[in-house]
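Heads up, there are several structures right after this.
Okay, so chain A shows up in both of these, paired with chain B first and chain C after.
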Partner chain A sequence: MMETTKITKTSSSVQWSKLFRSYGTVIAGILIIIMFSVLNPGSFATLDNAINISRQISFLVIIGIGATIVMSVSEFDLSIGAMASLGGVIAAKIIASGGPLWIAFVVPVLVALIIGFINGWIVTQFRVLSFITTLAMSTVLGGFTFWLTGGATIFENIPDSFRYIGQKSLGSIPMLSIVMLLVTILFWYVMTQTAFGRRLYAIGGNESASRIAGLRVKWNKNAAFALGAALAALTGVLMASRLGSAHPTAGNGLFLQAYAAAYLGMTSFKEGVPNIWGTFVGAAIIGVLANGLTIMEVPTFMQDVITGVIVIAAVIMQRLGRNAQ
Partner chain B sequence: MKKALSVLLSIVFIVSLAACSGGSSSKDGAKNISILTPFLSSVTTNEMVEALKKQAEDHGWKANVIDTKGDVGQLASRMEDVIASKTDAIVIVSTDPNQLKAQIQSAKDKGIPVLGCDSGYIDGMTMNATSDNTEMSKMVTTHLFDSLGKKGNLVVLTYRAHPGVLKRTLLLDEMLQQNPDVKKVTEMQVEVPGPIESARKEMESLLLANKAEGSITAVWTGWDEPAIGAAQAIEASGRKDIVVIGIDGNSQAVDMIKKGSPLVATVKQNFPGMAEIVAQQLENVFQGKEVEGTELYAPASLITKDNA
Partner chain C sequence: MSLLEVKQLDKRFGLHHALSQISLSIEAGKVLGLVGENGAGKSTFIKIITGVYAPDGGSIYWNGQLETITSPRDAHRLGIHVLHQDRHLIPAFSGYENLYLGTDIPQVKFGLRIRWHEMKRRAEALKKELGMELDLDKTAEEMSPPERTLLELMRVMMQDCKLLILDEPTASLTDQETEILFRLIQQLTAQGTAILYVSHRMEEIFKLSDHIAVFRNGKNAGTLQREEANLNKVISMMTDTDYQAAATHERQDASMNPVLLSVNQLSTVDGRVKPSSLQVHAGEVVGIFGLAGAGRTELLEAIYGTRSIQEGEVVISGKSHRRMSPQKALEAGMVFIPEDRRSEGLVMGMTIRENMTLPRLQHFSSGLYVKQRKEKHAVRQWMENMNVKAVGSEQTVSELSGGNQQKVVFAKALMHEPILFLCDEATQAVDVMTREEIHRLLREQANQNRGVLYVTSDIHEILDVCDRIYVLREGSIVSEIAGGEATSEQLLQICYNR
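Moving on to the complex of A and B:
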């Protein structure tokens, strides 16, 4: 009799702990939302504000997915922030000089694919740290952006058509939120339901084993870098569209937050593995915190402290999850 | 499991602590003013924000300062947040309102006034307080021309691509026409960013090209940074016959004027004055009165060795 009880107890506790490890971040996110809602029912917990948040997190989600793809092959791309700035500037330059709308959206992404590929090529060909390579690339891109803009914001001659995606809504849903969802679903599919995605995770999990198994490690890694950069550039273009202008450092602040979102995401759904929906949840938590704390009039410096502490906590939780496995 | 739970609970605890320290919104009846800027770390912006906070306190308003560290995209998001929190007024400081068009419109739709402090004015805003660039240029250029006896050889270092600097330079063009004995040796565009270094290099080359005494008598610059660079180049060359003027009154320039460098005059923008104007106009808005104008100027003052 006693034996039976003991066994039941252990297995339920294992289940709880598994649930917790898999969905801890999601639970924390929900708790945070409930807390803000209780404290500010009139301003936080409104449909308007929910729509507001969905638009605000769209940039972070998209660039965060880019970071996640690169992280899936166990590399880092620190140039995504500078890439976003450059992407926005290229788009604004094209549209301000009278170029067609689709060119303004496509060219920055193509440029980014090439730059991302170069990043990957340098890392895989010369077996150098992606950390340093992409940090250096970030400086190169920053310099290039300043050269293109002369350091000034581009806002003249930008037609209303360019602002459409960034500022308009379909019904009451912002176009940006729709784009964000489409990108998330697309890359969730690519990363989990296609052979390409599985190859990336295999390489990230064990590179030498993948090589022995006959995977084209270099090519796949280059592709991951290229996709990451392309999503960063897309983020930059969308930001320019939202602001109706392009600032030479507009995307730089996103780079650290993108990794924060990806790390937060590693603690949800798939334990310890960078994953697309996890990054989405991570970005949403960061977005909700920024929105809620601003509504509560918490000073900006405090917001930074809290966001940083939460990321540290997420990393610890991810570690605990791994140890428990 | 226990460890994970404790980490989770501490997150929620920290957030709730911060949220509670944030204070409740305007239930006590005081007006809430949201002050937004991406450039709180810039000396002049900081001066304006501090002055605005002081003004808010004097008027019995609650000021909430939001800084996004140079990130204008973030600024747009935070502006949406304060609109959602039904703040009573928004003041944007040192921010180009063209980048916040959509947010300014949405604030207007919700009946929240948006005021600018040295930001520029666009449709949908209530007003903006800034300096009159033409007037500032007139002050310092008149001072320079008078001290030269209305004749001499002038080097112009400017940056016509900047709308404010352009206004200053256009006034110079006008005064050069009225004073035919002041000859323009050359006009060079200073590189931005890095104006001090750029102006310094340009000036070094110009000094080499114009070695004869009196071939350059003065350097007119569009703002203080190129003035600093030009003055450094002249000082290094050891030439005593050339004076430099700037505009803005930044602390390094004022310090140089005090120490007797070739930089002899600048015009100090009145940043606390701008904050004062914004507060006055906001008071008008709260009382249901009209603002006195959409673009109001804080009077600037000439700084020379006598008052630096």
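Moving on to the complex of A and C:
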């Protein structure tokens, strides 16, 4: 018989606090939805708007998952915004010069894999802070993107076929929403069900212990950077497909939001750990806020203020919950 | 009247009685040498009189007055200062700036501007008074280790220092620099400052001290006058002469068995390990003993491949490796139980299951996914074998007690079915029961023709557990003794003889 001591639940308040810590962000999200539904029953709480939101958040979810993977090894990639911009520009360049559709999708992702790997290599080989490395890489990529475009938006000679994924729907579900769900499920699987995902979390949790356990720390970290960059580039391509054009700074704004989503996500499900469904929920909350506040005609700058305050509040709540433990 | 007198000082850490009934006194203008083997309570004692730890019992008198020292600030107020082994300097600050850390910096009214001129003048005056040569314009990181020691010493002297505590101050100094330090110490004592001098280097203790206090197992084993002290006397006081190696422990003469691990002239790039050779036979528990800083952990790390090898080779089961890595080590069947399970042994935020299977995840993976059912089954089996007390395999390891955490570390290693164990302080901060279990387990493994290389700073443990003991001094293996014949006095003699 295995010697296990069952910890008896001392009180229901302990369970409630644990429930709140794990699902507090989800509950807050639901409350926000209820609030908007009550305030704008005619325009917010409709199926059309729900579908609309699912398309609006797709970019943020995908790039946020990229950020989450890098965060799982306790690193940061600040170049994902610039990477998304570059990805969109490369795709638009290829398609505008008559290249086949699949090449326009695959090449940006491959380029990003290489750039992400270089980021990882610099960080792991020379022990440079990922903060600095990827900040510099962001500047490099931004410069490169401007050189490719001359600073102008690419919109000429973009065939309709390129816009298919970004603009069309399958039945009433937007293609973008489907891609978002597929990416989320795929990376939930990779991060939680495979040995690779387990190793990433182990390295993020304790690098020395992982090294002693025989994990190839450098290789795995490089792979995390590569995947993060690849998802950023994919986001950029999807944005270009949605807009039918590629602007050299189109993705830059997503970078901060991606980390906001990932941090909101860390407060849900697996507490304190970056996780894929958490990031999904985080991105959804940010998306719902943007959507609901726009419907209520709150000016954009005010929306930014509210979103920022909510992220800070969520992180503080999580800290408090932890300390109370 | 003594400057500092402590009576019946007591300190516990959980079950561990770090200090019990310590009484001693320090006189103004005198040097008290403090010696004791690793873990005898010297550091704990220093931390209590400098306000880092609060004692659980006993009293501290300062100039005959009862005092409570609850913070390092309190200690500074009284005039108690420490010169640390790890120096507390700000690398990018100049000598002058570092000198004024923690003291009032001369400033223009309202702190509008620092009076640099005044700052330098005072520092130069002190330098002259102490007869030191030191360029204070250099930043701390530009200074050599001994220069930094001098700087720290100067900083202490800037403040009104009544009692100066020196903890292994000469560890990084050359003989010449040591001379300078000694001269300064004599100057300080002439001015009435009391010195508490803690060192493993006996000749320094004998040279400097007026009195020598000997700690043993958290107790004060006695205070000697310098005239009545000699090396043999001090060492016999440090070791528990009443102590007898547990006769019940079985021992192996495995010298005829095949060699599992052979380390030949191994040295590390950072120079912490100087060319060292050792062998572990099948069926043997081999100990490595040395004082703090002798390079015990570093040697194990070099063998396991987490510290870069300069020269030499590691031969495991006849296969030679000139470059090691944890992957190679594990592949060859060698596991490492690191000293600090929190920072190196476990991923604290992960579950018992996730921790145990980490080194051999590929074994539980079908390529596409981890077979969690198989994983859970194996983990439960090992939890049962190792008697891990937990809610279940899904409990986070940070929630376990120290002893149970260490069992998880061992289960993780055993799951790998290793032929060689490298254990670094494997019983540190675990309860007595777990400690016994670990000893028994390692002996069982040895009896199955596996090899164990066992590092511990606990002299009694090493005598109890090991069949053969290598003694490490300043990065080199200097001696090899059969475990059954060795005594603690003998081991310490080797460690202290320079």
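Worth pointing out:
As a working rule, the second predicted complex is superposed on the first by the 311 of 325 C-alpha atoms of A that agree within 3 Å, B and C clash if a C-alpha of one lies under 4 Å from a C-alpha of the other, contacts with A are read in each partner's own complex, and residues count from 1 in each chain.
Following the convention adopted for this analysis, a residue touches a chain if its C-beta (ideal position, glycine included) is under 8 Å from a C-beta of that chain, and two chains touch if they have at least 3 such contacts.
In this text the structure is predicted, and so the values were computed from the model without any measurement.
By the touch criterion stated above, A:239 is placed in contact with chain B alone, chain C being left untouched.
Of the two partner chains, chain B is the only one touched by A:48; chain C is not.
In the overlay built on the shared chain, the residue A:199 is in contact with chain C alone; chain B does not reach it.
Of the two partner chains, chain B is the only one that A:295 touches; chain C does not reach it.
When the two structures are aligned on the shared chain, A:272 is found in touch with chain C, with no touch to chain B. Contacts of A:212 after superposition: chain C is touched, whereas chain B is not reached.
Chain A has more of its residues touched by B than by the other of chain B and chain C. Of all residues in chain C, those touching chain A in their complex are 304, 306, 326-327, 329-330, 336, 338, 343-350, 354, 358-359, 361-362, 364-365, 368-370, 380, 383-384, 387-392, 412. Residues 1, 3-5, 7-8, 10-12, 14-16, 18-23, 25, 32, 64-74, 76-78, 80-82, 84-86, 96, 98-102, 161-162, 192-193 of chain B are the ones that touch chain A when the two sit in their complex. Residues of chain A touching chain C in their complex: 1-7, 189, 193-195, 198-199, 201-202, 205-206, 208-216, 272-273.
Of all residues in chain A, those touching chain B in their complex are 13, 16-17, 20-21, 24, 27-28, 31-32, 35-36, 39-40, 42-44, 46, 48-49, 52, 55-56, 59, 146, 150-153, 155, 163, 167, 239, 242-245, 247, 249-254, 289-300, 302-303, 306, 309-310, 313, 316-317, 320-321, 324.
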